[in-house]
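Sharing a structure, written as structure tokens. Questions coming.
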Amino acid sequence: MAECHPVGYQWVMEARDRGAKVFHIDPHFTRTSATVDRYLPIRAGTDIVLLGALINHVLANELDFREYVLAYTNAATIISARYRDTEDLDGLFSGFDPETRRYDPASWSYEGDEPGEGEPREGGIRHAEAAGSDSYGARGAGASAQPPADPTLRHPRCVYQILKRHFARYTPERVAELCGISEEEFAELAEAITANSGRERTTAWVYSVGWTQHSVGVQYIRAASILQLLLGNMGRPGGGIMALRGHASIQGSTDIPTLFNLLPGYIAMPHALRHDGLDHYLEQEGADTGYWGNRRSYLVSLLKAWWGDAATEDNDFCFGYLPRLTGDHSHYATVMGQIDGTVKGYFVVGENPAVGSANGKAQRLGLANLDWLVVRDLTLVETATFWKDAPELETGELRTEDIGTEVFFMPAASHVEKEGTFTNTQRLLQWREKALDPPGDCRSDLWFYYHLGKLIRQRLGGDRIDRPVMELTWDYPEEGEHREPSAAAVLREINGTGPDGRALSSLRQLKPDGSTTCGCWIYCGVYAGEVNQAARRRPGSEQSWIAPEWGWAWPANRRILYNRASADPDGRPWSERKAYVWWDADKGLWTGLDIPDFDEHMPPDYRPPEGARAEAALAGTDPFIMQSDGKGWLFVPSGLSDGPLPAHYEPHESPVPNTLYGQRANPARRILDRPENPYNPPMSSRFPYVFTTYRLTEHHTAGGMSRPLPYLAELQPAPFCEVSPRLAAEVGLVNGGWATIVTARTAIELRVLVTERVRPLRIAGKVVHQIGVPYHWGYGGGGMVTGDVPNDLMPIVLDPNVFIQESKAGTCDILPGRRPHGRALLDLIERYRHG
Amino acid sequence: MAERMGFFTDTSVCIGCKACEVACKEWNDVPDDGFVFRATSYDNTGSLGADTWRHVAFIEQDGRWLMSSDVCKHCTQAACLDVCPTGALFRTEFDTVVVQPDICNGCGYCVPACPYGVIDRRERDGRAWKCTMCYDRLRGGMEPACAKACPTDSIQFGPLDELRERAEARVERLHADGVLEARLYGESPDDGVGGDGAFFLLLDEPETYGLPPDPVVTTRDLPDMWRWAGGAALTLAGAVAVSFLRVSFPRVPFLQASFLRRR
Amino acid sequence: MARRQDEMVPEAGFRSYYGQPVIKPPIWHEPHMPAYLYLGGLSGAASVLAATAHLSGHERLGAASRMAAFVGASAGSVFLVTELGRPERFLNMLRLLKFTSPMSVGSWTLAAHGGLTAIAAAAAVTPLLPAPMVSRILPGCLGGRVLPFIGDASAMASAVTGPIMATYTAVLLADTAVPAWHEAYRELPFLFAGSALASAGAVGMLSTPRAEAAPARASAALGAVMETAAGIVMESRLGLEGEPYRRGKAGLLMKASRVLTLGGGLLAPIAGRSRALTALSGLAITAGALCTRFGLLEAGRTSAADPRYTVVPQRERAEARRLTVVPDPAAPPP
Amino acid sequence: MADGGWLSRWPVIRQLKGEDGRREAARSARTDVLRPRVEEADSVARSVCPYCAVGCGQLVYVKDGKVSQIEGDPDSPISRGRLCPKGSASKQLVTHPGRQTHVLYRRPYGTHWQRLDLETAMDMIADRVVRTRRETWQQTHDGKEVRRTLGIASLGGATLDNEENYLMKKLYTALGAIQVENQARI
């Protein structure tokens, strides 16, 4: 956090100053490690072992916050008798089909909720193939609101007992054996987090892509969620699991997604093989209880925002205009489509896949096989210049004269040359004022897409293919000499309007009948009262520590999600110290420091009547209002592609076996077994070292916004790897010298930093060396400092839920000295591939 | 005159992010310092100089990683200022030491005079440069760019007296917390430079950070130097006289005449 | 496991930060700075020699020394100005008079000394020029009567600025944080004065007929002895800080200087009858003086570049003080 | 010191008048009028740092149509005026000489860039979108209506504004392009 979010880290330093104990668990000793109470080095890719052992520690010693667990989680819920755990199947859950390598989640259901024959409502192969879990993350898959439960937690099939059994093998000994964290260190951590949880205290977990970029990444977060729910740390101040996101509006990019499987507000894109019309779609997608019960209002308001008057009740509000998915259309599938020739035209907007995505060679081969490519950026990033400086030109795999890709480089406006909102890592929308006009041909992406849309519309006719474009609401006020579309008008459209044409103030006003419009339901209220709430700038010093009048957080400006859980079932704060929101019986409403994430008039003693829908179907004691049963899910009955509970699997490329289960790696992980994407064999003596990638404070991602800046480039001027003195001695690496790192994809050369910050770990009886590689460099890109591309080493192997690549744990070999060039490089890789 | 302003750099909370280095350069338009991979932990700018006015040191020790943002000390008795022949270096109303780029003629004398190795001449420009404690910002009531940017408040700016009190309290707190190696550096008005306007809380010996353990302003000995030089000058004159004495003693009577004689 | 310096990020031990210098080395260039030091010293001593020669009736020696003083000061000034990062701003040297700055004092001295030696030299040269030419350049009586008087007076006055010229540069070097220079502040002025005297003597004996050159020879010899003595005292008194004078390139230069200066100096008084020996002696002394200056600069650089010379003596000083002073309760236990 | 005359401003003379040679007497006329340049800014925009997702507040000062300074916004309850090295380098990000301000075009099999004016480039891109969309249009897939093109794909960075992402998703969806992805997946 100190490394990649230094300004956010000030609050950690402040917490430490006030007595908080801070642990840092990371394969790599970073600036964070240097400034915490205890640093625990861990082997990359083994966090579920550690988290599982913490869960086991809590369960075995009954250290859970029982009152919270009983009231707010599905611990008591009884699971289908058809369910089989990894304990029974040596690392597999029930429902696995080895043929397709996909799970049928039917047996994971709550008792009495098991689907009949055929495709289940949520989950299943087609759902998994289209990254369906992505939308469930915030959404809550179908499950009944009042499933059978055993409040004594004794029923052998209740979630609590299943959890106990599942995690029993996650012991401190296993942590030592697999993670490399000693039993004493584990004991210190376990003691600290349990002692610091409960009524009076809360513990927070903070993670970043070190948890997500794994073939089992979603289950890392799940494991942390289970732990935090058991300890009563969710929905409470000082608790939670915080995702530290690495880009200015990466949160916004998922809320209002430019992602293949989502519509704005985590609404799933329709799937041709799963959904027919609007009604069928709504029936299939999501539960009727909890806030997702209102999904018709959200979707219809979105369709109205997009197709305006053309969207009517009679034509399903133009639901048919939405293109249909049939499977995986994600980034890496798209790249394969480029190589295969199905993808002809490609827009790359403020992104640099040629050096920023896993397996750079596959990316560049894809780019070289396009008809046309549009790159929009501030500088000439490698993706724009690959045709004249890609490493494949040197090896002879590509020739500039043979690359038929037509390339348009469109210079972009910077963040100060346009107005608009970023959504930060805490879901806070902040409006940026425009400081000045962009120079030369530079334009905002808003300008580009708006005017491109207008030009496209001029070229289209009125047939059924073109009608969705022609009928699209595409008319925003234009401002200034460049005819910049008004970002405020777009934000207002996102916020939505009521029947009177006025901006809506709350998502609760959204209607299923087409009388309201809303471009993104979770952002409804950002323009409440016709005021750009994201532009609010009341100084922090003039507000409470929650600072509700600085920007605007979705939903409804709530700063902590599910904060109903900060009060006990009766609506009283768990403790004075941790008071946040509470039920004011006199006034008959929820109140507190933050905006309650709950129906403000629903009393704690509310019990839903039979047949109630949406939020009314949840009780006054159900804080997790997006879930169909209002409970925090320790066990996930549907929605995930690789199991209802986290289980430790070794990374796809790993030097050691999985000693926990017979199943070595995540059975459902997505593998792209193609010639462009060869893998290192697991436990191969040719690739004996673990390697992990990460960022440095001085640079940003693949360097597009940092390498061209002298002030940043000089601070970290060369790609390097970090190795322990012991590995350096074994291999013959010299501090300040050169090393070549080899994987089945390619070999790259880097400078060497020999440092005791990197520690060899003893794993399953043998010493495992880890090599750290910051990934900020590329071969060109207008960078002041250039070098080989660390991402070229990475394989494309994906988490089965969200299709993110495993770039935090792989295997490699390391050699002293610089790499061979040209043909000789390919020969070297050939030798490694075939041993 | 305004209060004496200073920096207190508390390295115990430094996270080595180098925001200070960059913020300083952005404000003061300092050029880059070259692109050299030094293999000295995460430090690739090396030391303070004409093109690096804040420098973050990284020291890897067994189990800990020390980071510290170094800067011009703005000495109470500043050798650079003392020896500057042009008056380009002067003491401001904030008791800071600043180079005036419109005056400096690049004589280079300040460079070896500084006991901390701070000031240096920018060769492509010919003048000497160093931290000004953002003198222009101070004159507008703003804090220096580095202190403002510092994410963890490792760099604190304020009236020196206040900072000294705060630093004392911080050391006591750290000692109480068992960080016995915490110590202040440059805060004492009794040290060899009369105390630094920019002082530090360190977690190891100063030399570990590249700081001199007991710096003394060279001009402290200047009166003595002049005396010895005076002695040497007289000796020189005497030696010349002696040179003539031995051989021209007989001509002494003519000395007077010789002096008065017109050609 | 054996740990070599190059095997890993060197652990910044108690001594230094990656072996980097604590202070900045002098940035002055070669040959500018050493040449100036030589020329300034030569000029200073030569002006004393000139005045004394004049007083004692050694007119040829006087005239030659006046010329040497003038050439030394003016050529030295050229080196000094070109050494500046912004030579066009050399006049800024006279913005202020700062006694804390040997360079300020030196600049004013040089300005005065340069002017005085120029007039003195002009007066010495005028009689050698054809009268018509003189009267064309100088109006009326100026050439004939006033100039010689002013010239003599200037020569006398330059005998006051001269010793300062010859020794202030020692203070200039000593008044830095460079340990090898600063710690030598007692001996350096004598070293400089001796070297300057020897240089002026050498120039004097090379440019003056044998008959009048005896004082120059004596000066050369005395100067050489003085420089050598100062050097020996300096090296024996300085401990670690004196090491740069004995090692490496600086050590070679200083040794060469010692041999040349002493050899040339001792040769000077006995070389009277031989022009060759005189020339040898004079050139040896001059070469020795130059070696001294180049050696000093080099030693200063070495001294600054190695943190040992900065840290170790300071650490010893601090430790000594810590042991004598009442322990500070806030100080960490050793 | 306003009484003109180089002589009276000559520091030596000022020294003689009693000014300190290391303080007042040494000051130059430029020094006397020095002020922070942000005081002369024509405008200040309240912005947000474009690097990571902490969302630190930035103040963007503009003078004569150029960014003259970017620094932390002390009012921000998130960052309290502080910035990391990247945030602190924001001015260089928007002003550095390597930034491209012209449209560049590389024709198929070409070996060099050529300039293109913005309007032409926009027309050319629109033409290609329309053509590729038609050529690769899929009305049905396995008998099911899909109404899409797999011929056009997009990858966006996560420094795009919400409004930009919104228009992108809206336009692509209407066009039937589904391979619309973002750094958020990566």
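Things worth noting here:
Going by the order they are written in, the chains are A, B, C and D; count residues from 1 in each one.
Quick note on the criterion: a residue touches a chain if its C-beta (ideal position, glycine included) is under 8 Å from a C-beta of that chain, and two chains touch if they have at least 3 such contacts.
If you're wondering where the values come from, they're calculated on a predicted model, not measured in any experiment.
C-beta contact counts were set side by side for B-C and A-D; A-D has more. Placing every chain at the mean of its C-alpha atoms, the farthest one from subunit B is found to be A. Here the chain at the heart of the shown protein, by mean C-alpha position, is D. If you average the Cα atoms of subunit A and of subunit D, the two centres end up 26 Å apart. Spacing of subunit A relative to subunit C, judged by their CA centroids, is 71 angstrom.
Taking each chain's centre as the mean of its C-alpha atoms, subunit C lies 56 Å from subunit D.
Multi-chain contact residues, meaning those touching two or more other chains, occur in subunit B at positions 17-19, 21-22, 26, 39, 41, 60, 82, 87-88, 103, 151. Contacts with at least two other chains are made by residues 9-10, 95-96, 98, 100 of subunit C. Shown for subunit D are the residues that touch two or more other chains, namely 11, 21-22, 25-26, 70, 82-89, 92.
Those residues of subunit B that touch subunit D in the shared complex are 17-19, 21-23, 26-27, 81-82, 87-91, 98, 100, 102-103, 134-137, 139-140, 142, 145, 148-151. Note for the complex: subunit D touches subunit B at residues 11, 20-23, 25-28, 30-31, 34-39, 69-72, 81-89, 91-92.
Subunit C contributes residues 94-98, 100 to its touches with subunit D in the complex. The touching residues of subunit D, when paired with subunit C in their complex, are 10-12, 15, 21-22, 25-26.
Those residues of subunit D whose C-beta lies close enough to touch subunit A in the complex are 43, 45-57, 60, 62, 65-67, 70, 74-80, 82-90, 92-94, 96, 98-113, 116-118, 121-130, 132, 134-137, 139, 141-142, 144-186.
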